[in-house]
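The same subunit A turns up in both complexes below, where it pairs with subunit B and then with subunit C.
Right after this comes the complex of A and B.
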C-alpha cells in the first residue's frame, strides 16, 4: 500500500462532530474516515457511505447451507443408504427441516463473520496504522486525506474552526501488513511512529 | 396538508362509505348463507353457518386484540418508538369491545344453543357415551366455557379502555407537567400494561383458543395450539397497524412517523411470520413423526385430504411470501410493498383460521369459501368504521407522552 499524508483532529462531542463532518465535506475535503470508540447512529449517512452488502452475502451463505443440508441428507438417506425409520418414507422432508434450518443459520453466521473480517481486514497478525489511540477510548478522530491540491495550513485552520482539537499532520500507512508494528518502520524506509 | 401534532383524523366521505358497504356485504353474505344452508332439520348445514360466524368473529377479535397486546408489551418494555403512532394502535384496540360483544353472542349461542355439530362436548347425551370427553368434562363444560369467555371479553375491553384513557389524559398536559408526575405516569402505565399482559397470558396464550377453536375437534389436543393462534393473530394485528399507519401517512397525517417506524413495524411482521411458522411446524412435525392415530386425525383432512390446497396455500402466503419479500431492508421501508404484504398476511391468517375450523365441521366437502369471505369483509367494515371513529375523536399524536422524544429520534 502506500503511505499518505493525513490531517487529523479530535472531537469530544457528537453535537460538534456532526456539523463538522458536514462542513468539511461541503468544503470539498476528502474525509478518509472518522474513528469512534462506539457506533454512532447516522454518522455513516453523514459521511456519505453506502449501505453494506454484507446481508446479501449472508443470504447467499444461508441458501447454500439449506441446499447443502437437503442434498446431503437426501443423498445419504434416500439414495445411498436407505434406512427404514418407523415406516417413514425415505425422503422424509419434515424430519430434515430442523437440520436444514440449523445449517442455514450456521453457514450464514460463520460466512458473515468471515466476510466481515475480510471486509474490515481483521485477522490475527494483521496490523494497521492508528491515527490516534484515543479513538479507541474517548474521542472521535476525523482523518482528512491530503491530496496534491490540499493546502495543509488552510485545512488545519478549517478543521480547528470546525471544532476539532489537537489537530495534526500525520503520515500513515493506508493498507495493512502482516507482522509487528515496530518492524514496519524499516519496511517502508520511512520513520512511522508505532502507535 | 397539515403537519400539526394536535390534528385529528377526518375520515373522507369515501372512507365511511366503503366501511358501510363492507358491512352490508357482510350482512348479505350472512343472510344468504343462512337462507341457503341454515334452516331447520339439516344439522350439517346449520353447523356450516355457525362455523363461519365463529371463524370470522374469533379471528377478527383476536386480531384487534393483538393491537392491544402490542401496545401493552411495548409499554411494559418501556419502548419509545411506538408512541409516534400509539393513537392508531389504541384506535384499533378500541374495536375489542364491539367485536367482543359480537363474538360473545355467537360463542354463547354455540355453547347453550342446540348446535352440537360444532361443539360436540355440549351434548350431554353424546358425552355420556364418550369416555374421552368425560375425562375432559371439567374443562369442556358449558359453565367453564361461558365464564372464561365472558371474563375474557370483559377484561380485555376494560383494560383496553383504561390504557386508552391514560394515554388521552396526557393530551391535557397536566399529568405529565413535571418530572415527578411523568415518572408516576410511566409507572402507572406500566402497571396497567402488566395487568393486561397477565390477563393476555391466561387467555390468548393459554386457554381461550383451546376453548373457542380447538374444542371443535374435541378429542384432539395440542398444548401449543394457543401459542400458535397467538402468533397467527399477532402477525395479522401488526399488519393491520402497518396498514393504518401507511394509510394515514399517505393522507398527510402522523407527522412524527417516518420510514424508521415503518421499518420496525415491518420487522415485527417479518419476525413473527417466522415465529408463526416455527410454531406451526413444531406442532405439525411432532404429530407427523409420532404418527399416533388419535393425533394425526387432525392433519389427515388438512394436509392430505380435501383441504390440502388451502392448507399448503396458507403456508406459502404466511411463510414463504413474507420471508422472501420482507427480507431486504428496502422492502420494509417501502409503503407499497408493506401494504401488499400486510394485506397478504391478513388474508393468509384468515385462511389459517378457516382451515382450523372447517375440516371438523364439514369433513366431506370444502364449503363455498366466498360466503365466509363476505362475512369477513363485514368484520373488516366494522373495524374500519370503529377505528375511523375513534381516530377522529382525539389528536392523532400523543404529543405530551414522556417518551415522545424517543419516538422522534428513533433510528433503526
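Right after this comes the complex of A and C.
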C-alpha cells in the first residue's frame, strides 16, 4: 500500500480505552486500527466494524466437502466400477456417511483457515509494520491516520486527554511485504522505517 | 467494572498471585527464552534414545516383514492395533479441552488447552504409525488413497470402516493442527516482539505469519476459533466412533456390539485426561507454572476422570450383562471363558482393566484426593495402564479363541520388535513434547490475559469486595424498619 502518517497512543486499561475510542471517533478522527495483545470483546463494534462473514465461508466450504464426497463415492462405487459387497446396493448411502462427514469437516476447516490467512494477510515471511511492540504484550495501541485536514498538535493533545500515554507521530507502511523480522527490509525500493 | 461480573464466585481463581498482563507474558515466555535445564536435556536424550529404538524396530519389521511380530493366524491384531487405539484415545482429551470446553465457555480450559492440543497432535502422529507399518509392504501405503490408478482404476472400498478410519484420522490430525496453530499465532508474535537474538527474531517472525493484533484480525480469529471448535466437537466424537466401528461392524464375539461408539469415546476422553494430568503435573513443576495450572485445574480434570471412568465402568458392565442376557452362546463364551474366568490365559488382564479403570478412579469422589498431587500423578499413570489393557482385552481376548477350537491360538506374547515399536512411539511423543515445551509457549498467553480480569486472584478478590459492598448497600436501602 503506502507509507502514511499516524498518531499513536498507548492505553493501559480497557476501562480507559473504550471511552477513548468513542471520543476519538465522535470527534471525527479516523481510527486506523487498535492493536491489542488479546481479543477485547465489543471493541470491534465500538470501532464501527461489521461482523465477519468468515463462518458463512466455512459453511460453503463444508457443503462443498459433502457434495465432493457423495458425488465421488457415488460415481466410483455405483457407476465406474461396481463391486458386489454381500449383495448390498451399489449406491449404499448409509455406509458413506462417515466419509461424507469427515470431508465436510476437512474442507470447512482447511478452507476457513486459508480464507482467514488471506483476509488477514498472514503467511510465513510476511512482514508488517508495527506501531509499538508492547501491543503484543500488555498495552492497547490506537493509531489515528493523519489526513490533509488533521491538525497534528490538536490531535495529539486530544489523544492525551482521552487517556493515551506516550503519544507519538509515526510514519508507517500500511500494507505487507515479504521480509524477515531479523533484518531491515526494503519494499519497492523504499526504505521502510525501523520499528 | 461490568466486564467482570459474570464469573461464578464459587470457582477459585484460575490465575494465582497478583498478575498483570505484562507479568503473564514474562512468566510464560521465561521457559521459552531461558536455556534448557539439565532436567530437560536428560528427558530429551532419553526420548531420542527411545525414538531410535523405535526406528530400529520398524526397520526390522520392514526388512523382514510382519513375521517379526508374534501375530499369528487367529491373533491378526495384537500390540500394534492396541497401541493405535490407545494413542488415538489419548488425543481426544486435547480436543475436548480446546473445542468442547470452548463451546461451553469454561474459563479453566485456557490454562491447559495449548499443551493438551499439542498432546493431541503428537498422540495422533504416534497412533498413525501403527496401521501404516502394520501394512507390511509400507511402500504401497498410498494404495489407501482413492487416486486414478492403472489397475482399472480400481477404487478403494468406501464401505469399509478401515477406510473410514483413514479419512477420520487424517482429518482429525489436520483440523487439530490448524486449530492449534491458529491459536499459537498471537503468542508467537508476542515472542517475536520480545526477541533479542537474531535467530529468535527470524524463527518467530516466520512462524507468527506477520500477526499484529489488529482488532479486525482478532474479530476474525475469534470467529474462526468458534467455528473450528464447533467442527471439532462432532469430529472428535466421530473419530473414536469410527475407530470403534473397526471392531463393532465385524462379526467377532466380543466385538460385535452396538455399545462400542459411546463406550470408546468415553474411554478415549478418560485416558486422554489421564495423559494430560501426567504431562501437566510435570510441566507445571519443571517450568514453574504453578500459578497458571493451579489446583483448581487439576481438581476439575480429576472430576472429568471420575465421570468418564464411571461411564466406562457402566459400559463394561452393560456389555457383560448383554452378553449373558442375549443368549448368544459365542458372545457369552467370549466373556465368560476368555475374560471373566480368572484362570483363563488372559483372565488377569480383564481384572487389571476393571481395577485400574473402574475401581481406582472412584477415589476422586473425595476432594482431598482430587487436590493431592501425588495421588493424581499415580492415578494418571494407573488409568493409562488400565486403558491400554482395555484395548488389549477387547482385541486379543476376543480373537485368540474363535469359533473353531482347532485353531485356538497359543499364548500371545510380543516380540522385542513389537515392544520396541511401542517404546519408539513414546520416544516420538516425548521428543515432540520436549521440543514444543522449549520453543513454544505451553500456555496460551493471549487467552490467559483474556480471562485475567474475570478469574485472576487479585481481580477476583476485588470483585468479591465490590459484590459484598453493593449487597450491603442494597440490604441497607431495602431493609424494613
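Miscellaneous remarks
Keep in mind that, in the parts below, the second predicted complex is superposed on the first by the 182 of 195 C-alpha atoms of A that agree within 3 Å, B and C clash if a C-alpha of one lies under 4 Å from a C-alpha of the other, contacts with A are read in each partner's own complex, and residues count from 1 in each chain.
Here is the rule we use: a contact is a pair of C-beta atoms (placed from the backbone, for glycine too) under 8 Å apart; a residue touches a chain by one contact, two chains touch by 3 or more.
This structure is a prediction, so every number in the text was calculated from the model and none was measured.
Legend: residue contacts after superposition of the two complexes on their common chain; A:95 is shown touching both subunit B and subunit C. Which of subunit B and subunit C touches more residues of subunit A: that partner is C.
When the two complexes are overlaid on their common chain A, residue A:16 makes contact with neither subunit B nor subunit C. Using the contact criterion defined above for the overlaid structures, shared-chain residue A:169 touches neither subunit B nor subunit C, since it reaches no partner. When the shared chain is aligned, no partner comes close enough to touch A:78: not subunit B, not subunit C. Touch criterion not met for A:60: it reaches neither subunit B nor subunit C. Across the two superposed structures, the residue set of subunit A contacted by subunit B and also by subunit C is 51, 55, 88, 95, 98.
Against subunit B, in their complex, subunit A makes its touches with residues 41-42, 51, 55, 59, 86-88, 94-95, 97-98. Against subunit A, in their complex, subunit B makes its touches with residues 281, 284-285, 288-289, 291, 327-329, 411. The part of subunit A that touches subunit C in the complex is made up of residues 14-15, 33-40, 43-44, 47, 49, 51-52, 54-55, 58, 62, 72-73, 76-77, 80-81, 83, 85, 88, 92, 95-96, 98-99, 101-103, 105-106, 108-110, 112-113, 116-117, 119-128, 130, 133-139, 176, 180-182.
Across the complex, subunit A is touched by residues 1, 3, 20-22, 25, 146, 152-155, 157-159, 161, 163-164, 167-168, 171, 174-175, 178-179, 182, 185-186, 189-190, 192-195, 198-199, 201-202, 204-207, 209-224, 226-228, 231-232, 234-235, 238, 242, 245, 445-447, 449-450, 453 of subunit C.
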